């Protein structure tokens, strides 16, 4: 029973993380064919759900905007892809989303949570409609071709975005800013009266989360070769990360990652074999998760741990 | 710009407005009283529309009769949904804000479930039927009779509902519950029953809207979501928590939509949305909100 | 010289005047009490001072500078801190971090993290909560949560402290301890404006008392004057 003490929890976790990272980094070398493509999608969803959680988790404001920022990133890749290298248009996609989020956030984060949710919900369709209008009447070109990049490069790009995201989230949580963010989620009014500029913290966090969603969109666009407003702005991309994050659990950093992994994989399996049913299954899982797993899978772990150790260890 | 064109735009706007009004009143009931922002609201429109289509094309049942067949069925579905799913969420929620959030997400799930079922049963193909399509001449503008009938029924149902809320005992209980659930409970109102009732009534309104819509336009299994969004905009326009506000707001938005569509069809949603943003920033309580 | 003054402060909720044409002032170093029946508008007045609400008309000044219309965080950084009627601690965060937030964000000039932590620890000692510094705030007793709120407010280095019913729900021993804490805060040179229903505390600690009823100020004076004022007694007995 002293094994827990012998291997200090911290170094064990770090070692595990390092191993996973190495495995992921060398993936294209030992897993050919479809696996890097699958993993790219998986990591992409992990980016979306962790970014979503970064903002919506602590503040409690449900954002339905991921699809909007994702789409902005896609369009950035389409527009810039032929003239600048991959890293540049990925960052550009992220920055464009960052700016849109700053605007949207500054306008709407002063409102009650429910208005914010509604607003972000419609944002996707609004941007899509504006782009349709633009392409129809101003540019005259419908849709765009995206530069094609090989799968392995895309995989690495996505992986790097993910690692940067996780580092960012980690450092935010440990910083003054992260403390302020957490206090806003605990009690926004008290936080405001303790000297925290609540609106600014919310807007900046929202924009940071949007940056990564945009970057992910820009990276994945290169796989689709052709995009138009309907392809780029798909409401599902807003719903799925939320589902994944809630299912995985918002309490821990890795919760949304697990949720994303499970669902991205499930989506692959279901769209090939039961393509008519996957929406249904997702819907059922979401409802079940909200009813029975309010803290997500991650919330189950302390409970399981307590039960298996006979309740001798106090929960940390 | 001739009188005919103006009439066209106005009556066309009122027609859509009537449908918007019904949908919005339904959503207003669900959010205003039961505090559930039902993202799956539009799916009940889909159910109403397709049930009517099936009843008409397979059994020759008059769509107006379908109102009384389909309506109660959809009401029951909504009522049961609340009594099972949302009641359970309400019990386990630590605060009202938490309940609003979790119920919002639960309706996501419902959206996925219902839309998928609709797609399985009816596929993604567009469907339509012809009923009362004969033209009617109103001061030079020609309208299909079914559109005028739809408009009439929408207004009629809306007014009937308003009277129900204002004059009947049950209606007053609902309004009391919307104002202050605790006080209402203390005064003998069975709050849980009322909440489920309101949710069911909200679904009923969406069902009615679907039945009427199917008479005039073609329908698809994926049609619901855009109307949910419009309903939300109307509810905010009219004032959160105000049923008469939703009724009026529906017609106002219908006319605005009709005007914008006349000028530039691809911008109608953008126009609605801009109005929405403006409202939220300038007067979030809406036209008739508190 | 008044640290805080208000002229003609008015606030409506719907058609009802929650606060109506209230003039008030609090001088440097005073402990002023604010009393009145339930619904008199006391917390609303505090909300207007702290920036949670904006007055419909009238003006509020802090050290001569107009603060009505500013955001709560701005008013806090200028030197006005408050506690809340229903305790608003950051439940899932440890006690120390609750106070730390005040030191990090609420002071007129910034502070380094190291100094902020020192300040926070010092304040925990001042309110006698040091032993509980790692406990999540939601696990504290009500009396201790109130102390925590006070410590957090003090961490923002206020010149004026607004206490909203800090003694509500406390037993007699805890009330006495709270009165003693208030005296110690006053000895530090901080001006105090407090809403209270516990008469013993108000009479014992305040230099001056203001009475609100239906949103209007109906009396003002020393504890003795208020205790013997016919107007005030009628208002309370008529309840």
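Labels A, B and C are assigned to the chains in the order they are written; within every chain, residues are numbered from 1.
To be clear about the criterion, a residue touches a chain if its C-beta (ideal position, glycine included) is under 8 Å from a C-beta of that chain, and two chains touch if they have at least 3 such contacts.
Since we're looking at a predicted model, the values are computed, not measured.
Enquirer: Find the chain most remote from chain B, comparing centres computed as mean CA coordinates.
Expert: It is C.
Enquirer: Out of A-C and A-B, which chain pair has the most contact pairs?
Expert: A-B
Enquirer: How many angstrom lie between the CA centroids of chain B and chain C, rounded to a whole number?
Expert: Here chain B and chain C have centroids separated by 47 Å.
Enquirer: Mind checking the centre-to-centre distance between chain A and chain C? Centres are C-alpha means, answer in whole Å.
Expert: Chain centroid spacing, chain A to chain C, equals 42 Å.
Enquirer: Find the geometric centre of each of chain A and chain B from their Cα atoms only, then give the gap between the two centres in Å, rounded to an integer.
Expert: 32
Enquirer: Where does chain A touch two or more other chains at once, residue-wise?
Expert: Nothing qualifies.
Enquirer: Considering chain C alone, which of its residues make contact with at least two other chains?
Expert: none
Enquirer: Please give the residue numbers of chain B that touch chain A in the complex, ascending.
Expert: 37, 39, 85, 88-89, 92, 97-98, 100-102, 104-106, 108-113, 115-117, 119-120, 225-226, 229, 232-233, 236, 264, 266-267, 269-270, 273, 276-277, 280-281, 284
Enquirer: Mind pulling up the chain C residues that touch chain A in the complex?
Expert: Within the complex, chain C contacts chain A at residues 50-52, 71-73, 76-77, 81-82, 84, 88-93, 97, 100-102, 104-107, 113, 152, 155-156.
Enquirer: If we count contacts the way the header does, which residues on chain A are in touch with chain B in the complex?
Expert: 60, 62, 107-108, 111, 113-115, 117-119, 121-122, 125-126, 129-130, 132-133, 136, 235, 239, 242-243, 246, 276-277, 279-280, 282-287, 290-291, 294
Enquirer: Which residues of chain A touch chain C in their complex?
Expert: 176, 179-180, 182-183, 186-187, 189-198
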